[in-house]
Every structure is written in C-alpha cells, then in structure tokens.
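You will see two complexes here that share chain A, one where it goes with chain B and one where it goes with chain C.
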Partner chain A sequence: MRKGFLALVAVLVLGLALAPCGLAAQKTIKIGINAPITGDIPKVGEGSKYAAEMWLEDIKAAGGLDVGGVKYDVEVIIEDNESKPESAAKAATKLITEDEVLAIVGPQSSAQAIPAGEMANNFGTPMISPWSTNPDTTKDRPFVFRGCFLDPFQGPVVANFIKEEFGFTKAAVLYDVASDYPKGLAEVFKEAWEKNNGPGSVVAFESFTTKDADFSSQLTNIINSGAEVLFTPQYYNEVALIVQQAHELGWKNPIVGSDSWGSAETVKLCGEECYGLFFTTHYAAAGATGATKAFIDRYNQKYGYVPDDVGALTWDSLRIVQAAIQGTGGLSGDLKKDREAVKDAMANIKEFDGITGKMTFTPDGDPIKCAVIVRISDKGEFEFYKSVCP
Partner chain B sequence: MVEKNSASPGNPPKRFLRLRQFLGDVPLLAWLFGGLISVLIEQQVGERLANLLGLPKIPVLFGFMLAMKEPLLLPGALAYVLVLYILTIVLIGKITARPFNLMAAKMIQWPIAIPVILHLVVLYAIMHFWADISLYRELTLKLTLIAIMLTLSLNIINGYMGEFSCSHPGFMSLGAYGASAVMVLFFVNDRLFGDAILPEVLGPFLFPLALILGGIVAALGALLIAIPSFKTRGDYLAIISLAFMFIVKSLFENLQFLGGARGLKGQPDLANLPTVFIWLVICVWVINNFVRSTMGKALNAVRDDELAAEAMTVNTRRTKMVAFLFAAFWAGVAGGLFAHTVRFINPNTFGVQRLAEILAMVYFGGLNSVYGSIVGAVSLNLLGEMLRPLALFKWIIIPLLLILIMIYRPTGLVAFKEFDVRKLIQPKRKPEKEV
Partner chain C sequence: MQLFLQNLINALQWGSFYALIALGYSMVYGILMLFNFAHGDIFMVGAYIGFGVATGLTALAAMGTLALPNWVILVLTILISMFLTSFVGMLVERIGYRPLREAPRASAAITGLMIGIILETGNLAILGAERIRFPSLIKSTTYDLGGVFVTNKKIMIVVVSLVLMLALNEFIRRTRWGMAMRAMAFDYVVIPLMGVPLNTIASLTFALGSGLAAAAGIMFAIAYPVLDPYIGIIYGWKAFVAAILGGRGSVKGACLAGFLLGFIEIFVGAYMPSSVRDLIAYSIILLILVFRPHGFFGEPHSAKLRL
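Presenting the complex of A and B:
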C-alpha cells in the first residue's frame, strides 16, 4: 500500500515539474453582478439579472466587446448577496479575488453597497451601484460610482415641483423611520420645503416602522394638521396601504411620492386610488421614445412585464461599464492596471447618453442627471409629466 | 479533519472500523502537522497542480463552487482536494504518528499550557497559510470564526441552561455598536463623531478594550432583560427575549448619533485573522472552563430540574443570571469583531434572520457541547458559502439538512460531549479490535 502511495507521489511531483506555469491569457473580460437574488428584495435582484442577461445578449450578438481594435469575449458572473451586508462584502471579495472581474455592477441597496464598496475600493476594482442613494457609498472612494441621482437632489426637486404645480405652502410627510432610504429622503424633503416656505411649514412629520400596516393614527394627525399635500417616500406595498387608508379617512389633497414608487406593483396593489398622483423617478415607461422605448419593449417581450427603475438603471450602469472599458483604448492584460484604467475612463465619462437620462460623474463618483416627474395616468401607466435637471 | 475524528456513530459499518483502526493511533499534533504541510504545499505548487488538473485556479473552498458552476471540472476539483488535502494529511499524519506520539507522551507531563500553545500555534499557521491564498478565503474564515463565538455563547443559554433565548442578535448589536462607537470616535475622521481624537497607532491597543466594552454593554442589556424574565420559564422567556431583540433593533434605528437606520461605517480595519483567532481561543477556553466548573454543573442541574437543584442548595437565580450575562458578554465581543470585519453595521443586520442563523448553528452542531458549537458554526458557514452558486436552492438544501439532522439526531450532531483538552492532545494508541 505504501508503495502505491510513493508511486503516486512520484508521478505527481513529475507532473508538477512539467506542468506549464499558468495558462495563456485568454481574451475574456469578466463583469461581476452583485445582486440580491435571494433575501428580502428578490424582485430587485431579478431586475438586475434580466438587465444583465439582455446586455450580454447584445454583446454576444456583436461578436464580443471591441476594445481598442481587439475583440474580447465577455462573461457576466452573477453573485447572490442575499440582501445582507456581510454577504455582499463576501460576494464582492469573491468576484474580485476569485473570478478576477474587471468591474462590478451592484449591489443595489445601500446597506449592501456600502460594505461591498469598501472591498472594491480597497482592492482597486471599479464598482458601480445602480440604485444606492446613500452618500456614504461613494464618498472618499475613487473606485466606486453610482448610476442614480442622490436624495439631496431628489428632495428639493419634489419640494419645488409641488410649489410650482400646486402653489401649496403646508406639507405633511409620512415615512418609515426604520428604513434607510425613506428616512433620509423625508429629512431632505423637509429641509428643502422649509427653505422654500419658511420654518414650520412642514406641519406634520409622521413616522412608522417597517411592516406596519395600519397608518390611521398618523394619517389622522396629518389630516388634522391642515396640510395641503402629503409626501410619502415609501415602497410600493406601503404606498398602496397609505393611499387607500388616507382616502378612507377623507383626505382629498394630492399625495406625492419618490422614485421608490416606480415599480409595476404600485399600481397593481393600489388600483384606481393611485390614479392621478405624481412622483419623481429616473425614467418614465409610458410614452418613452428612442432607446428607452426599445429597452422597455424588449424587456417586456422577453420577461413579460415593464421593467422598473432598477432594471433600467442596471442597464445604464452596464453600458457605462462598457463605455469605460472601451474608453481605455485597449487593455494591457494586467488586471490591476486595467482596473485602474477602467476607473479613470469611467470618471472621465461626459454626457453619457443613458436610457435614464444624460449622465456626467462628479469627482465623488455620483452622476449629475435629470429627474423625471411622472403622473400615474387614468389607465394606470407611468406617464412622463416633466423633467427637472440640476 | 473533524469528519475523521467524529466518524464514530453508534454502529459504524465495517470499513469505517478499519479506517479507525488505520488512523486511530495518529495524535492530534500529527494531524495538525499534516495539515500544515498540506497548506504549505498548496502555497508552493497549488497553482500548478490546479492547472495540471485542468482547473483555472486553486479551488477556493474545496472545489465546491467551481464544480457547481462547471460540472465538467468536478473530477479535477475532487482530485485536487483528494491529493492535496486528504492524501497529504493522512499520509503525513500516519508517517509522523510515532514520533509525535512520543512527543505527546512527553508533553502531557509538562504544564498543560505548553502543549496547548504549541497546538494552537500550528493550528493558526494552517489557517494563516490557507487563507493566504485568497482574500476571499480569509474573509470567509474570519466570519466563520466569529460565528463559532456566537454559537458557543448561545449554547450556554440554549444548551447548558436549557432555556430558549432569542435575544442574541440584540446582544450582538449592542456589542457591535458599543465597540464601533468607541473606535470610530477615537480613531476615525467621521461625519457622525467628528475628527479622530487619538493617533491611529494607538488603535490596535485600544481595540481589545473596545471589544470588552462592547461585551459589557451587551451584558448590561442582558441584565435588563434577565431581571424581569427569569421569573418566567420556557416559552415566556423566548417571547420576552424576542421582544428584547426588537427593542434593541428599533433603539439603534432611532439613535441618530449612531447613524440610525443608515448604519455606521468606517470602523478601522483591525479585526485581522490573528486578532479574531486569539479572541476565539480565549472565548473557547473561558467558556469551556465555565461550563465545566461547579457553576456549569449547577447550570445543568437547573436545566434538568430547577426545583431539585434549588433543594440541593444551588442558587438557581444567581446561576441563571451569571450564565445569561456571561453569554451576552461573548455575543457582544463577537458582535464587535463582526463590525470590524465587515466594517459596516446597520440595525437590520441584527434582525430575525440573524437569529435564525445562530439558532440553526446551535441546533445543527449540538446542544450542550463545545465541539458541537464548533462543528455547527463551521459546517453551516462553509456550506452556506460553498452552495452560493445555487442561489435559491441553497435555501432549500440547508433547511432540508437541518430537518434531517433533527430527525436522526434530535439534539444535534455532536451533543452532550465534553471538550477535554488533555484528552484531545494525549498520545493515541491503536484502538483494540472490538466487536
């Protein structure tokens, strides 16, 4: 028995000595997708995955990605972050060190994008989060970018829109205190509103906690406060409940929302109660033209529903990554250098023409882009109302 | 290695017996030595061996992930693991069994600290070289070690004390926020706390104190819930502790100076592998001594019959209180390490999902057992990581495994087994030919 072992060892040693030292460099570009495929928000993960599949299809159809005159194969590696911070950090590390991706798209939510961005920045890998609105994601991280506008921009947009459109001076806010995004936006809105209309003009600033389903006490307070408009930066499932309950309690004034309303589910759950309401978002699906329409139609045909903003932003982010890779003018094959070059190219992108608007990155890695104000039409479609640019 | 040592179910089939016969005389130190050699070999020629077997890279987690993405590479990955880990370790362990047995026989007569430290150094060296291959391995390993601490600390309450406590994520978050707040306040230029107060070089020295502080904060939290809840038992404690978890979570959601729902980021990068390893060793050592002390035995008595224990002069109230606070302290320390590993925490991280994770590790590994906690935490963590490519199916396979474990071993894989260090490191003789 021992002889057998020895023979095996001898063969192995010989084999190792003769083995080539590493395979020849293949001409493949790998792009990592860090998305919440499982966990709390699987729909978001699904949207990112589908957008990535469509993008890959395009590249394949073109016979690969042309960088500086050389055609590269492209591989998309989708990694599940379970919608957990530590898992997002692990997924990012795996993509960077194991799969050796050139750039990462995702994670979507800030709670995952912040730790994943830390890893990406430490290991010098460009990362673009399509959907994260927390300033900390990109702050002081040259390698981390984002594909959407930030809350400090969106808040004033909503406040100014209401002022111009309706001429109201007293607003109420209802938001989820336990959730990062609504809370941040509610605060920014309050600040912007009070700047426009003087201190104390937000007459009711009511909060609840995630998974609450009964808002009658908050809504009663809001109605009694004499507010003329209600701003609620909530997700689709809560929007439906809030709007329905407000109407039941006799609220007749407008209710205005933010980009978190921009899901197909909002209208499905809310029904006619939501018709005629306004919200700000990244793009309007109904009445879209050009590339935006082409994207929506293709997505709808392929997956059977109109993509929400996550899908569109992921699509744009992937195309930004593509533009940045092509903007390097040629890859050296040295991953570290190439990542650096992609980062530089991405930071230098000017007036990128995405389906969610034109984008130019600030030195922080945040895009300067326009917001769209959408009206939910009488057919339940998201109709373009107007566009607000910074 | 763990699998081999624990391959002793009630009625082992014949070939297992033969394997036990063959490997029974290998002492722990020889196993560790084998492991060390195998990771050193991997570092030197792993890349070449992988290429030889047709793999693109060194299989990062025993080839699982690779094989799941590209099933064609499965034989290569298996061969890699077989040659590099299993064969090397068995071979070296077997060859060096005799000298290491002699050495162990000598060492067992010295003060116990010397051989224990020797074993630990070798164990650390294995982890170090293994994790050196890839940063992904290092991160996974660190989080696994932290999970062991959490599992072990919950095992004190749920296993040794026999209560069902659900507040562990709460304790963990108290520790995480406690330690992070101190470190961020002193060493980081931050939006929430302003400029750093102390120079950065002091960070590593203050870090242990910050962790201990985090632990103490968690223990204070535990005191708050222990006073009212120990008037109750069983289901009621579970409900009260669950409520406590939610209270802590919403507390941090509303504490603006700690970042609120947006979370706290920017913890200094101090939880490196040696730090986590040392804390884990201290944790296992202290907890193992605790559960084997008079207090630990009193704890078991309380679990089996509180009234009888009281009659036998056990101060049940004090015993329960101490155990509860003690467990919370270690959960807090683990939380602090967790925060400094991921370097971002938010209240949502410490919710029901985390609770389910820790409970699963405790019950999978085994109640009332230090071994069990280690086995449970390591296997569920590695499994979760290895099955990552399966995405949704992962959440079918792992719960299914748990159900199977609960059916065939209702108290977990390695339950009610004492962790005796002396027995572990003593020289091994060939087991007699029994049965």
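Presenting the complex of A and C:
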C-alpha cells in the first residue's frame, strides 16, 4: 500500500514536471512580469499586475498570439521583487532560467530595474522597464529597453513648450541644489532655454537647500529679474510652499514644473494656489481621448480606480513586447535564438502607437516619445493639455 | 530700493519666528541654566495642536454648530493652542527636567534632545509620515505698495509677534510672578530659601516659553502651510543661536537677536547663492560672539557663577 502510494506520487510529480515543458516547446509563449507586489510601493506592483491581466485578457479573447501565421498560447508569470534591488535581480534570474520566459516586463523603479537589467542583458533576454527614468538602466545594455522618457529629456520639453505656448524669452529657475533630480533637471532646462533664447535668457537661476521653507529672498530676486515664467522641478511639498510664496510676493506669471509634480499630494498640499499651472509628465488621466481613454475606462470599470502612469506605461510595454514578438515574423522554438530575434525586432520598432504616446527606440533602448503637458484644472484634476515631442 | 524694502519685509516675518522661539530658550536658560533642546519640537507640537484646533473649529463652523467668522477661529486657535501647548511644556519639565535638576547640566541637555526625538517620532507614529496642510484660516490678500508686496498674513504675523513680546516683557517687569522669575534668574540657589517656590517658577517658565512657541508654530504654519514632524529641529537650533546671541535670560536680547538672525539670513540669501547662505550667516554670528561672548544683553557675572 505504502509503496503503491509512493509510486503514484512519483508518477504524478514526473507528469507535472514534464507536461508543461512538452507543451511550452510547441505552443506557449511565456512573458515574465518583475514587479513590486509587496514592499514599499505595493500600489505600483498592483498597477503592473492589473495591466498585465487586462493585456492577457485581450490575447485570450483573440484566441492566442499570432506570430508568423502560427497561433501561440500566452502565459504571464508574475514574480514579486518586494521593491528590493537584490530580489529584483533574483526574480529576473528565476524568470529567465527556470521559467524560461521569452521576455520580461519590469521592474518599475530604477533602483530595481538597474540590477535586474544587468541580469537580463547577461542572460541575453529582452527586458523592458515601463517606469524607470534613470539613464543607467539601459546604458550599454542592448537587451534592455524602457517605456518612458529619461529625466534629461524633460528640460528641453519644458523649454520648448513655454516658448510655443507663451512666447516668453526670459525664464527663472528655482531648484534644490542639494538634491540630484531637481539639480540635474534645472541645469538641463537652463541649457535648453538658452539654446532657444540666447545666452543670459535665464535671468534668475536661484537655489535653496533641502528642508528650506522660506524662499522669499530667492523669489524676490526672481521677481525683480523681470522673468516671465518660473520653472521649478521640485517635489510636491516644496511646490506648495514655492507657489504660495511666489503669489504672495506679487508673482502673476506662469509657474511650470516637471514629472515630480505628478502626485495627488501636490493638489492636496497646494490647494487652489496651484490651479491653472502646468507640468510635464508621462500621461494624463483626466481629459484623455481615444485609446488612452478606452484603457482608463476599462481599467476603472474592472478595478474601481483610475490607473496612474505606472499602469499605463506597463500596458504600453506589454504591447511593445507583443509587437516585437510578432515583428520577428516567426519563432524557431530555440529560446536563445528567439530572444535574440525579439530584441532585434524591439530595437527596430518605429512609431509604436502607445497610449502614453508614440515611441521609437534609440540604439540605447530608450524611446523617443512625446511628453504630456498637464494643466492642473480649476477642480484640481490633472488635465491633459497637449503633448510635446522631441 | 524696492528690492531692499521687499527683503526687509521678508526678514521681519522670518525674524518673528526666530524671536518667538528664542524667547522660550532664553527664559529657561536664564532661570534654570538649562539648555532645553526639546524647545524646537515644542514649537512643532504647537503647530500640530494648532492644526487640530483649527480643523476642529472649522468643522464646527461648517456644520453650523458654532457660526464663527474665520478671524475669530484664528484668534481662538492661537489662544487655545498656546494654552494646550503650555501644558506640554510643563509636562516636559515635570517628567524630563525636574528629576535631573541636581544632575550635571550635560545630562539635562541630553534629556532635552531625547524628549525632542520622542516628540518627533511620537508624532510620526500617531499621524504618519504624510505631510499635512494647515487650513487657510485667513484668505491671503496681497497689497502692492509701489512695487513692494505685503500680505495681510505678513502684517498679522509681525504684529501678533510684537504684541506677544511686549506682553511678555510687561509680565516679567510688572507682575509679582515676573519679579520672582527675575530673582530666580539672579540666583536660583538662594531665592528658594526666601520662600519663592522653585518648582512653580520652573513650571511657569516652561508654560510661558511653550505658549510662545505654539504661537510661533501656528503663525509659521499660516505662512508655510506644509507641516511634517521634523520642522522643529532646524528652527530650534537657529533660535537657540538667537537666544545665546541675545544674552542669557534677556527678553529684549532674544527678540533683537531673533530679528537680526532673520535679517542676516534673508539678506545673505538675497545676494549670495543659497548653498553658502547659512555658512556666511552663521560665520557673522560667530564673529559677533567672539567680540561679545555674553551676547547683546547678557550679564557676565551671573553666568560665571554656575557654569
């Protein structure tokens, strides 16, 4: 009896172990998702997961994925990286070596995407990070791509937008000199603005240090410099203070920000003072049209809330993977070769029509894509205003 | 000229906070020879209590239970918060400092730091790390005085600060409690022997200082309406500098030094990059202290007695 039972278990285990492999070699494509399901930012993981579920639904509804005339089943494997760099690298390795996925979407944050990208590149597996804006994620890694623009790209975008929209020629910048992101962006903006409007056209380049609450001396200088617009690439808590103090010192011109403004906290802390201001970001939920609106409505109906930029970028990244797989023209069944082929196809994608904008990849694997200019509406919503392309 | 006047007004507001906070330091230091390093965090607690009171009163007014205009809510918020925060100060004295009154001064100073950390992290545990927005009790109106911009808030902040400083000065000069405090500052070993209750005076000192810190906290929150549990640290330090600069136990000195600090910071900030602002501002203060080691109004002999 006991022996019989053991034999039965052995057969079952063998069967389980062999069955998927047998099928996989023939008809299934596996896509890995490397996302922070637990950890510090579970909401980001949830958005990634939901976008992946919706994408899979579409594939299933179409009866599978058509690659070069052959229909494949698609399986999505979600691996939790706990929002930690080392777990992200581990998750990537597991997806590549054990699960034998064809491509990976994620991780989202740069801190995880950089180490995971190294794994993916070493193992020759295409990976696309929807949300990581740090240049190092894709740098010198032919197998690694991303779905969003880079930090330095926003500077020229803002400079061009202001010129087109308002026709201003004199700008002021107020930034935190002790923080990498605002400092980098402020410098890139200055360079771009002076390229457009000539040297010295940034009439005030004022700084403060993290934790400062009073900006009155800097803002007084800015107002006296005769600047027509103020650019401040700060985080939401500082935005609230800067905008209020600027208004109290008699500043009536536009104030423009960057994607660090794109948090619900901005409006909560800043209130009516921030209504009518502009900033650049990846995507805007309010006032979206076409495919973007369709995605938002479907997501909202299914999960009960409006997706943030992570959800939308993950959706686009999955569809880029899909387009790349289909762009290979047919899979050989040899995983190594197929991964290589998917990478080449992805690098060759031109004018991909995503819900966060049209994308074409540079040789580094970064998309050339449009940024969205958001206007904070009179109801405090982030409203799509226009998209600005490089 | 416009630039100068505008910065002058900015500095008046900025200096008011330092002056009000410095008063609390200066009184405790003058009377008990104690560096109350928790004082900056009492300022923070005052701002948060103000937030609670203001939110509560606004909600009551919105429900129609108490039909109060906004300026009444503002006055009530300041008064109630000053009252409540003075109890926090008394509690800190009772729990943190009284058992250590005979201990070395360094132990008491360290106690202050620890109480500060307890207040910060306690707040963090209760309310979380999310920043809160202070309700806008008065609608900001900007007046254009020939290119110099003044808001009703700024005027209110400077006026209320000056009124509080004068009131404190009168209290210390003209009442019996004030006289007891002055006497205690003169010699806190002998005066209790003459029948002045040391513990009561200590509590009173902490209550007054904390009440002023609460007023500063609320006005700070009106001017800079984003609060987090750590706002007290840096302003506490700087106000401490002002207290020392003003001279031990001197109300006049603390006020003057507080405003001076505000002026130096704003004017250095106006003409220099911000990364060197504090470097230059505090080098100037160091220089002043080199030439006037007891501050503006400090009395050399009494300080020598116990330090």
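By definition in this document, the second predicted complex is superposed on the first by the 247 of 390 C-alpha atoms of A that agree within 3 Å, B and C clash if a C-alpha of one lies under 4 Å from a C-alpha of the other, contacts with A are read in each partner's own complex, and residues count from 1 in each chain.
Basically, a contact is a pair of C-beta atoms (placed from the backbone, for glycine too) under 8 Å apart; a residue touches a chain by one contact, two chains touch by 3 or more.
It should be emphasised that the depicted structure is a prediction, and the values quoted were computed from it without experimental measurement.
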{"item": "Partner contacting more residues of chain A (chain B vs chain C)", "value": "B"}
{"item": "Which of chain B and chain C A:Leu249 touches, first, second, both or neither", "value": "second"}
{"item": "Partner chain(s) touched by A:Ala62 [first = chain B, second = chain C, both, neither]", "value": "neither"}
{"item": "Contacts of A:Phe208 with chain B and chain C, given as first, second, both or neither", "value": "second"}
{"item": "Partner chain in contact with A:Glu265 - chain B first, chain C second, else both or neither", "value": "second"}
{"item": "Partner chain(s) touched by A:Val177 [first = chain B, second = chain C, both, neither]", "value": "both"}
{"item": "Partner chain(s) touched by A:Ser217 [first = chain B, second = chain C, both, neither]", "value": "second"}
{"item": "Which of chain B and chain C A:Thr97 touches, first, second, both or neither", "value": "first"}
{"item": "Touching partner for A:Ala294 - first (chain B), second (chain C), both, neither", "value": "neither"}
{"item": "Touching both chain C and chain B, counted on chain A across the two superposed complexes", "value": "177-178, 209"}
{"item": "Contact set on chain A toward chain B in their complex", "value": "5, 8, 12, 15-16, 19-23, 37-38, 79-80, 84-86, 89-91, 93-94, 96-98, 110-111, 114-115, 118, 123, 134, 136, 177-180, 183-184, 209"}
{"item": "Of chain C, residues touching chain A in the complex", "value": "2-3, 6-7, 10, 13-14, 130-131, 133, 136, 140, 142, 144, 149, 151, 153-154, 220, 224-226, 228, 230-231, 234, 265-267, 269-270, 273-275"}
{"item": "In the complex with chain A, residue positions of chain B that touch it", "value": "45, 47-49, 51-52, 56-57, 60, 65, 83, 87, 91, 134-136, 139-140, 143, 249-250, 253-254, 260-263, 265, 338, 341-349, 353, 385, 388, 391-392, 394-395"}
{"item": "Residue ranges of chain A touching chain C (in the complex, touch as defined)", "value": "177-178, 206-209, 211-214, 216-218, 220-221, 224, 237, 240-241, 244-245, 247-250, 265, 268-269, 271"}
